[in-house]
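Next come two complexes, and both contain chain A; in the first it sits with chain B, in the second with chain C.
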Partner chain A sequence: MATQSSRSAARLMMAPAVILLLGWMLAPLITTLYFSFRRYLPLRGGDQGWVGFENYTRFIGSSAFWPSIQTTLIIVGGVLVITVLLGIVLALLLDQPMWGQGIVRILVIAPFFVMPTVSALVWKNMFMDPVNGLFAQLWKFFGATPVEWLSQASLQSIIMIVSWQWLPFATLILLTAVQSLDGEQLEAAEMDGAPFIKRFWYIVLPHLGRAITIVILIQTIFLLSIFAEIFVTTGGAFGTRTLTYLIYQRVLESQNIGLGSAGGVYAIILANIVAIFLMRIVGKNLDN
Partner chain B sequence: MGRITLNKVTKSFGETQVIPPLDLTIEDGEFTVFVGPSGCGKSTLLRLIAGLEDITSGQIDIDGVDATAVPPAKRGLAMVFQSYALYPHMSVRKNIAFPLRMAKMDQAEIDRRVDNAASVLNLADYIDRRPGQLSGGQRQRVAIGRAIVREPAAFLFDEPLSNLDAALRVGMRLEISELHKRLETTMIYVTHDQVEAMTMADKIVVLRAGFIEQVGSPLELYKSPRNLFVAGFIGSPKMNFVEGAEAAKYDAHTIGVRPEHIAISATEGVWKGRVGVSEHLGSDTFFHVHDTGLAETITVRADGEVSFRHGDTVFLTPREDVLHRFGADGLRIG
Partner chain C sequence: MARAVTTNRKILNTAVAWSIGLLIFFPILWTILTSFKTEAQAINDPPIFLFFDWTLENYAVVQERSNYMKFLWNSVIIAGGSTVLGLIIAVPAAWSMAFVPSRRTKDILLWMLSTKMLPAVGVLYPIYLGFIKLGLLDSRFGLVIVLMLINLPIIVWMLYTYFREIPGEILEAARMDGASLREEILYVLTPMAIPGIASTLLLNFILAWNEAFWTLNLTAVNAAPLTAFIASYSSPEGLFYAKLSAASTMAIAPILILGWFSQKQLVRGLTFGAVK
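Moving on to the complex of A and B:
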């Protein structure tokens, strides 16, 4: 494997994939960087030349910028907490032997296969509609005033929808981790006098550490860019405008490609900051 | 203290009964070995005593107290598992201290007991490592350490040496025997290896399909096996069984002769045969003799100096004073 000729052959064989991947990543990145330094208004005079850092200062100076960062972080954080906690509980429950295990497991995974747009529509119209929604009916049944979910509790509603979509993913990863736990370790802990809670805390949870890390890392990457759920439900109103949504508004609603591109670069920076933090905090779990 | 009594204990998994009604007493301080082929129910029996499985009916007493419904942690027994079942994310020290921490013991006392166990088991140099950084034998010792710090009424070993290589296994066998002599605590040891059973046990319990075939000291089992199964299981190489006319001479359906009780000669003897494979161990040589007309192969143990070539004609003479006779039902006669 390690002869001179096999190494150069290996490089040659890998080259197409590496070049394709680089092109795939670099082309959009360079285009974004290019437009972020230009004044480009498609409906109002088109490409009007270089403007330096004007787009960057305008984007960050906008009153919508910092709230959008906050909203993004709240949604990502909220969904992570809910999916990881519920995912652990569900994984432990699904690991128990029970009747109809196969069907139950498929049902649990099902939400993951529903497209974000569809699930947001279903939640918006079937559950959260203040007149006809199931929640409204439930509230009325108990004599309470129905909550107008998407306007009164807009952020919580979106967190709920997105959590519902991502819970199966977390459950699936954590379930495989739970199943890989050596049963003799639990029996040993039982004989050592550890009751269920302590067995969970000292044996199961450390064993799940790596899987939890993976769930958090992968979910964060995808959650930073959620869009369809917001677009379909609140359209960015009621304090649900995330950074991704703000960029969309700048590009399509304000028809300002330069400003949107600058926002895109900020999004890249935000994603990297979050990623570095995560790697620092939880990346240790991936060692050994 | 650790006298364990099983009274008409049974265990069924669904419809299948793996342990038929079984009575057994294990005296305090005794080293008892459960031995039998795989699937004979020996591990299940150990898990029943540990409390990791519920018994279907019957009663288990520990030190005269009914422990049938007592949860595993409260039975005062410590178990060493086949896979060692160490906690991979904890250091050796924390592994050994775990049962004591669970018992909410005073930290100074925990440290004292852990250090003591570590020095007894030569673990002091590895005390801050994790199990993943230890060799098989060291992990084994950590597992034993975790058991001894609890000062249990009895130790339960579930095939603890089966994951070790042959040389290490001999060493650990001695260490466990040594530990038993020093602690004088009841030990129950499950194995499928009759050498382990013979060398370590005060009392051997031979099991087959959940039934106890025979209980006795190693030499009792060797000298007077109760039936054909025990005769064939205890002793290495296996006892030779001869049926038919030759057995009828001794008023038996089957006679059994151990390989070490047959003399081999090039010139004279009772049985005539042809040498097949010979296994030279240095100290001993095992000859597999064919075409005797008695059984397919007769195994003979001879001194390491004795040498025959493949195909040589030899004569065999069994020692009649240590001949085992069995009836048509497989039980020992006389």
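Moving on to the complex of A and C:
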């Protein structure tokens, strides 16, 4: 069906999007690479020339580097595990016959529409505040000492806030997949006396495979760069400094552009390693 | 998967599902309720749920302290502008990928999605510097461009999955009947593509509305949208729960309502068409 002229027309239609994205990718990337090899302190002497790989070794040699990688992986991994597991449970539950299914679904989806700055502020002040927060009041009611959530259990608190934001997304997608499950197959298995666990393991879970992949892929893209949730709650203190946040501090707070840019290059490499794995999976999904 | 069940089972399902639903929704409900309390009632121990003196005072105070309408307007312009601009650029691209696919189409799509993984913080300074040089810092136009570029891969991808489902035979039939390319696009393809375009528009509007890295770092006063409006309540104002709640409710209400009305379209869009 495609003729020579329609092919060149197609190329022309694609061009603006491709050129814009190429520019958006390359221009900042090249600038970041350039700065990463220079000693550049805007407030303390400006651009002071080439320094080779000094920024790279300093960034990776700093005591904050490895902990930040660890923090990033814990937050991303923790949120993924929680949202996928709870998402499966919720999807199976919401699929059951009940009254007011539509309203329950609306309630469950709602957190997805709340902007990250708002949810971080509300959780931090109204729930996790050790004096007036709702959790503190609940703890006191049961005679326990209120927990200082964002300093004593900072990582867990942030994982909880972020999971609350992303659970709706996981649930929605898994629910869509559950609803397309073949009911007769399940019924047959049930009549043959297969217990719930076996029905779940051999029929439901394999069917959800693709949906779980999509959830992990899309969430990872967004979770690797969470910013507002940390910016508003702990400001990177109490072991919650992710790689993103560490670079942000180097660039904007210490105004060390060279060092921050070297960190940026590391972040880009890390993101690309993750991306290669994820792209393979999506690529496979594109085929069928 | 839904099967006939006993009434008892249905009652149990309903009870469990409603409890969990309300638990998940509770932080939002609590915020909305608190916004109508006085500051003293907001921190009362034990907490007061419904029986307090409802007041609109907090909304008046928040509006007085920071001009809400200006932030709201900035959010609308930035989210709306970037989404519309993104669609204008993405529709032709997705169209040609779906209807005139070549061997490289898949690679181009994957590459586009991979630009989405470029960590924003890694390129913050170059963009920041460029914005200063071009005089775009704290301008709505600058943010429209940046958010459009950030969401462009998602827009292209979503439109592509929608367009791919439009059968090519319909186009051929139209061509046989003597339709010109313009008529073909205007009268045959567009009506079929509108649902897909609508849900792409919605999802990206929401993503742009909630975006909180570039909007916080590239604005100061003039172009600051609602994300910055609410960030100004970090501390110590955050300790005034009633006012914080009023400001939060004002920031999320527009998108919450929009999202609820369009949830069916959103689900489809969110899965990139990969889950049916």
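In this text, the second predicted complex is superposed on the first by the 274 of 288 C-alpha atoms of A that agree within 3 Å, B and C clash if a C-alpha of one lies under 4 Å from a C-alpha of the other, contacts with A are read in each partner's own complex, and residues count from 1 in each chain.
Here is the rule we go by: contacts are C-beta pairs under 8 Å (C-beta built on N, C-alpha and C of every residue); 3 or more make two chains touch, one makes a residue touch a chain.
Note that this is a predicted model, so its numbers are computed, not measured.
When both complexes are overlaid on chain A, chain B and chain C end up sitting side by side without clashing. In the superposed model, A:202 makes contact with chain B only, not with chain C. In the superposition on chain A, A:63 makes contact with neither chain B nor chain C. Looking at the superposed arrangement, the partner reaching more residues of chain A, out of chain B and chain C, is C. Contacts of A:188 after superposition on the shared chain: chain B is touched, whereas chain C is not. Within the superposed three-chain model, A:4 lies out of touch with both chain B and chain C [touch as defined at top]. Judged by the touch definition given at the top, the superposed model places A:145 against neither chain B nor chain C.
For the pair chain B and chain C, the minimum alpha-carbon spacing after aligning on chain A is 6 Å. Counting contacts by the rule stated earlier, residues 182, 187 of chain A appear in both its interface with chain B and its interface with chain C.
Touching chain A in their complex are the following residues of chain B: 50-52, 72-74, 77-79, 81-83, 85-90, 98-99, 102-103, 130, 132, 146, 150. Note for the complex: chain A touches chain B at residues 182, 184-185, 187-195, 198, 202-203, 206-207, 209, 288. The residues of chain C lying in touch with chain A in their complex are 1-3, 5, 9-10, 13-14, 16-18, 20-22, 24-25, 27-28, 30-31, 34, 43, 45-47, 89-90, 92-93, 95-97, 99-100, 102, 106, 108-110, 112-127, 129-130, 149, 152-153, 156, 168, 172, 206, 209-210, 212-213, 216-217, 226-227, 230-231, 233-234, 238-239, 241, 244-245, 248, 251-252, 255-256, 258-260, 263, 266-267, 270-272, 274-276. In the complex of the two chains, the chain A residues touching chain C come out as 1-2, 6-7, 9-11, 13-14, 16-18, 20-21, 24-25, 27-29, 31-32, 35, 90, 93-101, 103-119, 121-127, 129, 132, 134, 137, 140-141, 164, 167-169, 172-173, 176-183, 186-187, 210-211, 214, 218, 221, 224-225, 227-228, 231-232, 243-245, 247-248, 251-252, 257, 260-261, 263-265, 267-268, 270-272, 274-275, 278-279, 282-283, 285-286.
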